[in-house]
Each structure stands twice: as structure tokens, then as C-alpha cells.
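Both complexes shown next keep chain A, but they swap its partner, so chain B is in the first and chain C is in the second.
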Partner chain A sequence: MALLAVLFHRFCQLILFLTVFLALSLFSILIIRGMPSLNLSFIMDPMANAGLSGGVRYQILGSLMLILSAAIFATPVALSFCYCFQNIPQFRKPLITVLYALNSVPSIVLGFLAFLLFAVYLNWGKSWLAGGLILAIMVTPSLSFFLIDGLRALPSTYSETAKSLGLSADDRWWKLYVPLLVKPYLTGLFLSLGRAAGETAPILFVASVFYGATLPSGIKDNPVLSLPYHIFQLSQEAYQPEALDRLWSSALLIVLIVLVLQAPYYYFFWNRNRKGSKHAKLKLTR
Partner chain B sequence: MAISGFAKTQNSEIFYLFRDGRFKVSATRLMSIAIVGFVTLISLSAFIFLIWKSSDALMREGLSFFSTANWHFRDHSYGALALFLGTVVTAVFSLLICAPFSLFGAWALQNLRSEKLRLSIEALVTLMASVPSVVYGLLGILLLRPALLQTFSFYGMETGGGLLTASILLSIMILPTLFSLQLESFSKLSKKYQEQALSLGLSRTKFFWSIVFPLGLPAILSSFALGFGRAAGETVAVFLVIGRLDNKLPTEGGWIDYLLNAGQSITTKLGGPEIFISYQSPQHESALLLLALCLVLMSIGTSSLLLTISKGKV
Partner chain C sequence: MQNSNSPVKTCCLHPEGRIGTSLKIKRLIASTLPKRVLNLSHLEFPARSLTSIVGRSGIGKSTFLRVINRLLEEDPQWTIEVDIEFLGTPIHSPKLSKEMLRKCIGLILQEPCVFPFSVKRNLLFGIRSAQKLSKSEESCLVEKLLQNVGLWDEVNNRLSENAEHLSVGQKQRLCIARSLALNPEILLMDEPTSSLDPDTTLKIEELIQSLSKERCIILVTHDREQISRLKGRVLEFYRDNLSAGTIAREWKEKTLKVNRTAEFTKESQSFIST
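Moving on, here comes the complex of A and B:
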């Protein structure tokens, strides 16, 4: 029995080792294969020769444009969700239900519906704005959850003091909660924008093309190039070594962009863990 | 109960336009109600649109949509059994592959003595979650597919892009989610019961099987439900490795043949070029929308299952 227990313990450790090995090899493969042709000219040059030469300048700009428009559309929506959650108790349950339902819709379905709405019924063709709007719908639930959790984490004395001073609900919202919500807002925004930056399925039909677009000049029929779509198309077609090198570099680049966007979240995550473990240690020593 | 702003608000009327006999409008409140109402209306109408459009295909095909596997859109016959089976099989197999890794790996991580190592491993595994799915697809198509081809050709079987490849890739993709959820529940339970267990002289293995596993079962099951929803809704990575062969059922050559060969799932069907083809034919479009509706219902079902299992604690 004791032997079995030790064996189980070792088995768990082996599994953990395999998991860590998997994660490390994933990142090291990306770095080893992607590093050689990732340089400044790759980032700054426009694509040439269908991915065989040149860089990914307009792909990066297009991706940034998509997530920027998503941020602009998602911000007021998430703030309103948070306001209604805070100030109208009757709305709390239905709002949470709506947010959970929105959060669990698969991205390809959103892409399909957006194609039917924007491309077929509104006759926009492929448009960057449609991509931004659909990414905003993807971003909204997680951003709202971040805001609501941030509100929940505030100490109760703040709102009690504000109420005892006679501030109305709107005054409390603008002068107390909104300034205090800036940190969770930015963390959640960058986390979900990082997720949105790597999404291919929603922009597959409505926003992105592989070749022949630069910066858009209007709304209708103005697609953008984007980095995930670029990788998606090239990975099905490219078997020449030069194209493969560039493909790996683009993959490394999108991972780097996502990690930079999500860095604030990981910083707070790390800090929270460190704080928690410090307290745990204090408890143990005492 | 005084939790920050969640304590009972004084004004319980939703639109307090009249107060003290005077007309009073709060611009912030009206605006936010308008925005929330607009977004809710849009999502509800999208859902109703989905039901309304897809009812056409449901009426025409009836139960044969779910029970036959003949998807030939040029002959206007839509039987999607192979697609449903593909989705469920890839999701279940990816869960089966991933479950031991996440469960036992998280338990071993919880038991590590070195705190620095523990935090770094946790951060490393969590970082895996932020790699975009298209990059996983790239890894699958360029590394996993050739590796599986080599492994199985040694035994005289041919494979490459197929359901097994898709399941392995999906299991890597859902690993970080399952791992971090289970680690969280394990660390909570350990903190709560470890002293008692140690003072009773339990070994770590006994502690795991008699306390942590049974008490953490709701969290574990809800993480599985979340993983199932993720795996069933994943498009791009699966699209690149699954092979996209229509109407393939295990009755033709047995389960092993089915798993090793190319298949098709709902998401890859929706992600393919058929969306553009369906532009001319309302029947085809309606059948595709019915597929999308089934996918939405499946993922909303798993997420509500998750909520009921964990009672809203996730």
C-alpha cells in the first residue's frame, strides 16, 4: 500500500514533467523556427510575391486596426453593462445570463452571422468595420466580467461613505467607481484584446483578405490584411522553404503581440500569487 | 450584506423619471439602459433569426438531418450525422487525452515544495492559453501531422490529417484551461484540510483519493464541461488538421479506421467554403444555419451545465 502511494506520487510527478516539457518545447520550437527571419525589415516591409519575400507590414497594421475598433466599440457597451449591473438590481440576473450566453457562442457562428448581416443583407462586402464590430461582441462579455469583478472587489466603506455624503447614483458612478475601475478595465481590455488579436474564425468571412489591401479608405468593400488570416492561408499552401521561414516568423510575431497585450494581466496574476503565498508562509511560520 | 456597491440601492424604480413630483432624467442611466437594451435586442434577434431561418431545413429534412450521413449540397440532401459524430468524438477524445495530464499534473504541482518553481510552472502553463489557435493549427499541420504519419506507418497504418490528429491538437489547446481550474480547486482544498489530514497520518496519495478528489469533483467536472465547450467550438486549428472528408462513419471500416482517417466536424464545415457557395441556395443556407444553431445550443448547454454543477462559483 505504501509502495502504491509512492508509485502514484512519482507517476504524478512524471505527468507534470511531461506537461512542462510540452509547454517548453512549444515555446522553444516557436522561437527557434521563427527567430532567424524575424527582423526589422520583416516587420516594416509590405508583403511581396504571395508571402515568399517581403514582410508583414499591412498585416500588423490591419490586425491593430481591427482590435482598436473592437476596443472602441466594446468600451461603452461593457461600461453600460457594468452600470446597469451596479445600479439596477432587477437587471442583475438577466444581464449575467445574457453575458454568459454571449460568452459561450462559438466564434465561427459569430463569423457566419456577421457574414449574413454585413456582407449579404447590408451589402458591405468585406469591411474592416464589420470585423471590428464582431470582435467587439466577442470582447464585451469578458471585459464586463472584469469590470463587475473589479466593482465587487472595492471595499464597502467607499460606497457607504459616498452614500452618507448624499451623492446620487450617477455621481457615485462617475466620481467614485469609474476612476477606481481604470485598473481592472485596462487589465481586462488588454487581456481580451489579446485573445481577439489571435482570432481567425470571426474575421474569416467578413473582414480579411490574403492579398491586395492596404489601409482602408472607407467602410464598404474595404477589407484589411490581418496576421492570423495570413498564417491561416499560408499554412495551407506554403511548402517552399522561404515561405515556411516567413510563416514561422509571422507565428512568432502574433504570439509576441498577444503576449505583450496580455502582459498586464499576467503581471497582476503573478503579483496576486506572490502576495497570497507570502501570507500563506506567515501563517505557516506562526 | 454590505458588499461595495452591491448593497441595496435606494432607488428601486428602473426609470426614475419622476421624483418628488418633478420630471428628472439621468442621462447616464438612460444611455446605459439604451446601450444594454440595444445589445441584448441584437443578440436576441440574431438567435431568433437563427431559429427562423433554420426551421426551413428542419421541416424539410426532419429527423433524417440528425440520423443520416449524406451531405451532398448539389443534390440538396443534408444529413449531418457524420458532422455531429465528428464534433463529439474529437471533443471527447481530446478530453480523455487531456484529463489525466491536467488532473495528476495539477496535483503534482500542488505538492511541489519549491515555491518559485511552483509559481513559474503555473505561469508557464497559463501562458500556453494565450497562444492563438491558428498557431496551434500551424504546429499541428507542420509538426504533429508528419510525426503521426511516421509513427503509424511503422505499424502499417496510414494516417495524417484525421480525427485523432485533431483530438491530440485539441487536447493540447484545452490543457491550460483545465489545468489552472483544477489547480485552483486543489490548492483551496489542500489549504483547508491539509493540517487535519497530516495530523491523522494520511499519505499524500490517500489524502488525494479520499479528500481532495471527491470534494473537488464539482470543480473538476465543470472544468471538463468548459473544456468540452471549447473543443467543440474550436474552428481554425481543427480545420487545418482534420482532413475535411464528408460523410465518413465508423460503420464503414471500424472505429480505428475512423479515427485515423480524415473526417469532418460542424465547425470545420461552417469554416469551409460552403458558406460562400450557399449564397445562391436558400435550402443550403438554411441547413448550414441549422448546424450553427445546434453548435450554439451545444455550447450554451455545456456552459449552463457548468453553472449548475459549480453553482455559480466559477
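Moving on, here comes the complex of A and C:
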């Protein structure tokens, strides 16, 4: 038994070492290959010559636009789910089931369904708004889980105390829970958006093109450029050295954007044991 | 009677101020299947009085407090049948909403529960949901409440600090002040000194005694020495028959209180010597 325990301990250490080694190797390769072409003009200039020269200005702006619209659409929906979870107990089980189910739908399937709805049925063509909406649908379950986890982490005495002070359910929601859910909301939002920023499949169907778009001026037939789609297209032309350099730089750039978006999560995670931040405890799962 | 200088006008529903009976319990049955926990009847709690409730653990003292301010009826595991009058109005009367009743009947928990907000925000948490106050009224109220509970000198320069950083005793006094902000008719206290050191316990006891001069205090306690220190009547919760639920009897004589304390002290001494 003791030998088994030692072997298991060593096995865990080995797995941990391999994981850290793999992650460091990936980041090292990205930095070594991506850094030489990653400069200010690459970030600020628009694309030229089918991606073989110029920069990725509109790809960055397009990606940020999709992320921002996803955040705007996902926030009220996730908050409503959280409100229902708190105030309608009989709604809890169905809600959690629906969120798990939604979370497990592959992004390519969501993209296809969004294509049928927005491009075919509503006749929007490719539209940034459709991209934002489909990313919001992807982001909503994880954001809701973060909010619900944040709510569950609050001591039950908070609710009892607020009730005993005569606060109605709505007062408790707005004056107690919402202020305490700001940290879980921000961490959940940025973590989910970080993941959404790298999603290619859904926006490939409904929102993004490789060239010919700048900033949208309307909704219908107003696609945007995006970094994930840009990387996908450049990888198809990887036999050309210019394309390969830009592919690495774009990949490094998107990883950096995702890391920046996830920074608040790491900040709250590493600081969660500080005095006075009990309520910000979040689970690492999901 | 309400202090005319106070901006707070939430409670004190009695037309003639705080006189007569604040709470009349005609019948109170609380059951959690399959057992009946409380079976009380004919209890009256006068205005401006202190009633201490004693009884062994699990007898239903805390349950009693939660039934009074209608916290327990939201728990589906409990069946509550009550005929209770608060200032002559049944607590389930449509005239008296659950929220209004809770504003008028404050509850102090065993473990002080402060929200992770500033001291000032904690203090005004309840009153802000009840009525709008100007900034000057708020400042005036904060100072008055903190002085009432003897906390002003300790925290007057820490009002914007997180209340979780206060000591346990300070937190408990803050909780009392937060309830007092609503000017409640009745203050229910569920072992408010159980987690406090002796000095802080004495401070809170003094506060309880002074508060009982202006409102009805119902105090649940395990500390029999505390009962002998506090003036006021004592109710003992006990069970004659396990299936019939907890009933209450009053300790009529002050001497009885002292005797019971002496018995308790003897028991403690014999326990220590063995």
C-alpha cells in the first residue's frame, strides 16, 4: 500500500512536470517565432496584399467588437439566470441542466445553427451582430456558472441578516447580492470572453471574412475581420514564408489578448484568501 | 416614544408610543416533520421590558425567535401555526407586510454578521431600504447610533473601512446599531454574547439593559450568570412530554433566579473538582 502511494505520488509529480513543460514549451515557441514580426506597425496597420504584408488593425478591432457585443448581450442574460436561481428555487434544477446542456454544445454546431437563423432565415448575410450574439450564447453558461458559484459562496447568514432587516427579495438582490457579485462577474466575464476571443467556428459561419471589411456601418451584410479567422486563413497559405511569419505573430497576439482578458481572474484567484474577500472565492472548475 | 430629534420614523406603530404589550402570543406551534418542536401559548411581552429565555440546547429557543419575525415560515421543512399579535395586529395580517414586521422586530444573531462593506454602509444598510435620508441626516444618525452602542470613539475615524476588519465584539455592537437604525419595537437577541470575551460581554449586557428601557428585548441565553446580572423576567423553555413540544414557564422570583445560578455554579464546581 505504501509503495502504491509513493508510486502514485511520483506519477502525479511527473504529470505536473510534463504539463508545465508542455505549457512553457508552447509559450516559448510562440514567443520565439512570433516576436520578430510583432511590432507597432503590425498592430496598427491594416492588412495588405492578402495578408502577406501590412498589419492586423481591423482584425484586432473586429475581434474586440465581437467580444464587446458578446459581453453586452451575455451580461443581462447571465444576471437574469442568477436572479432566477436565487429567487425561484423550483427553477434551479432545470436552469442548471439547461446551462450544462448549452455549455456542452460544440461551437461548430452553434455556428451552423446561427448561420441557419441569421444568414438564411433572417437574411442578414454575414453580420458582426450575429457574431456577437452567437458568442454571447457561448459565453452565457460559463458566466452564469461563475455568478451562481459566487452566490453559493456567500454565507447563508448574509441572506438571513438582510431578511431580518426587512429587505424584500428585490432589495436583497440589488443592494446585497449585486454588489457582492461584481468580482465573480468580472472574473467570469473576462475568463469566458478570453475563451470566446479565440473561437473560430461560430464567427466563421456568420460574422467574419478574410479581407474586404473595415469597421461595420450597419447590421445586415456587415462582416468584420477577426484574428482567429485571419490565423485560420494564413495557415492555409503557410508554405509562403511571409504568411508563416504573420501567422506566428497573429497567434502570439491573440494569446496575449486572451491573457490580458483573463488577468482579472488570475488577480482575484491569487488574492482570494485576503481578509475581507471571502465572497470572491470561486471554483476553478468549468 | 420616538425621539423627536431622530430622523428615523420606520417603526413604533403603536399610536400612543411604546406602552402596553408589544407582542402577544396566543398560540405558537412549530413542527418539523415528524416532531413538534414548539407548542407555546399565552405569552405576553410588554413594551420597554427585558425577557430572557433559557433552556437546554435544541429546545427551540432560536426557532422561537425566527418564528416571531417570520423567517422560519419560508423554510419548506417547517410547518408553522401561529396566532401572534404585534401591537394588537396579527403578524399575518395583510395590513402588516413581512418586510415591515421584520423592520419592527430586529434580530441579532449569535455570530455577528457584517456585510463586506464599509462600517457606515453596514450601519445604514437596513434604514436605506426603508426610507430616504439626506447626507447630513445619515451622518447624524451614524454618530447617534454608534454612540448608543458605545462604538463611536472606537470607529469614528474608520467609518469607510471594511467592517469585516473590526473585532468580534465591535461587529456585534455594529449589528445591534444596524438594527437600532430601524428603531424597532422589539429586538430579538439570539445568544449575542456567546462568542465574546467577559469584558465585551459586560459591555453588551449594559447595552441590552439600557435598550430595554425604551423597547422590548427578548434575549435567548445559555449563560445563567448573565441572567442573574440582568434585570427582567426569565422564561424557561422545557419539555414535559417529548411528543408535545416545548412549553414555557416563567421564573417568578428573583431569588429563584439566584438559587438557580447558585445551583448551576455548584454543578460547575463539582464538575471541575471531579
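Descriptive notes on the structure:
Everything below uses one rule, namely that the second predicted complex is superposed on the first by the 248 of 286 C-alpha atoms of A that agree within 3 Å, B and C clash if a C-alpha of one lies under 4 Å from a C-alpha of the other, contacts with A are read in each partner's own complex, and residues count from 1 in each chain.
Criterion: a residue touches a chain if its C-beta (ideal position, glycine included) is under 8 Å from a C-beta of that chain, and two chains touch if they have at least 3 such contacts.
Here the structure is a predicted model, which is why all the values come from computation and not from measurement.
With both structures placed on the common chain, the touch criterion links A:53 to neither chain B nor chain C. Of the two partner chains placed by the overlay, neither chain B nor chain C lies in contact with A:271. Of the two partner chains, chain B is the only one that A:109 touches; chain C does not reach it. Of the two partner chains placed by the overlay, neither chain B nor chain C lies in contact with A:214. Looking at the shared chain after the overlay, A:199 reaches chain B, while chain C stays out of its contact range. Look at A:155: by the touch rule set out above, it reaches both chain B and chain C. Contacts of A:164 after superposition on the shared chain: chain C is touched, whereas chain B is not. In the superposition on chain A, A:28 contacts neither chain B nor chain C.
Comparing the two interfaces of chain A, the one with chain B and the one with chain C have residues 155, 158, 160, 163, 168, 277 in common.
Contact residues of chain C toward chain A in the complex are 69, 71, 74, 99-104, 106-107, 109, 111, 113, 115-117, 125-126, 128-130, 162, 164-165, 175, 178-179, 182. Residue ranges of chain A in contact with chain B, taken from their complex: 2, 4-6, 8-9, 11-13, 15-16, 18-20, 22-24, 26-27, 29-30, 76-77, 79-81, 83-84, 86-91, 95, 98, 100-109, 112-113, 115, 120, 137, 140, 151-156, 158-160, 163, 168-170, 172-174, 177, 194-195, 197-201, 204-205, 228, 231-232, 235-236, 244, 247-248, 251, 254-255, 258-259, 262, 266, 269-270, 273-274, 277, 280-281.
Chain contact summary for the complex, chain B toward chain A: residues 2-12, 14, 26-29, 31-33, 35-36, 39-40, 43, 46, 49-50, 100-101, 104-105, 107-109, 111-112, 115, 119, 121-128, 130-135, 137-139, 141-143, 172, 175, 179, 191, 203-206, 208, 229, 232-236, 240, 267, 270-271, 275-276, 279, 288-289, 292, 295-296, 299-300, 302-304, 307.
On the chain A side of its complex with chain C, the touching residues are 155, 157-158, 160-168, 171, 175-176, 179-180, 275-279.
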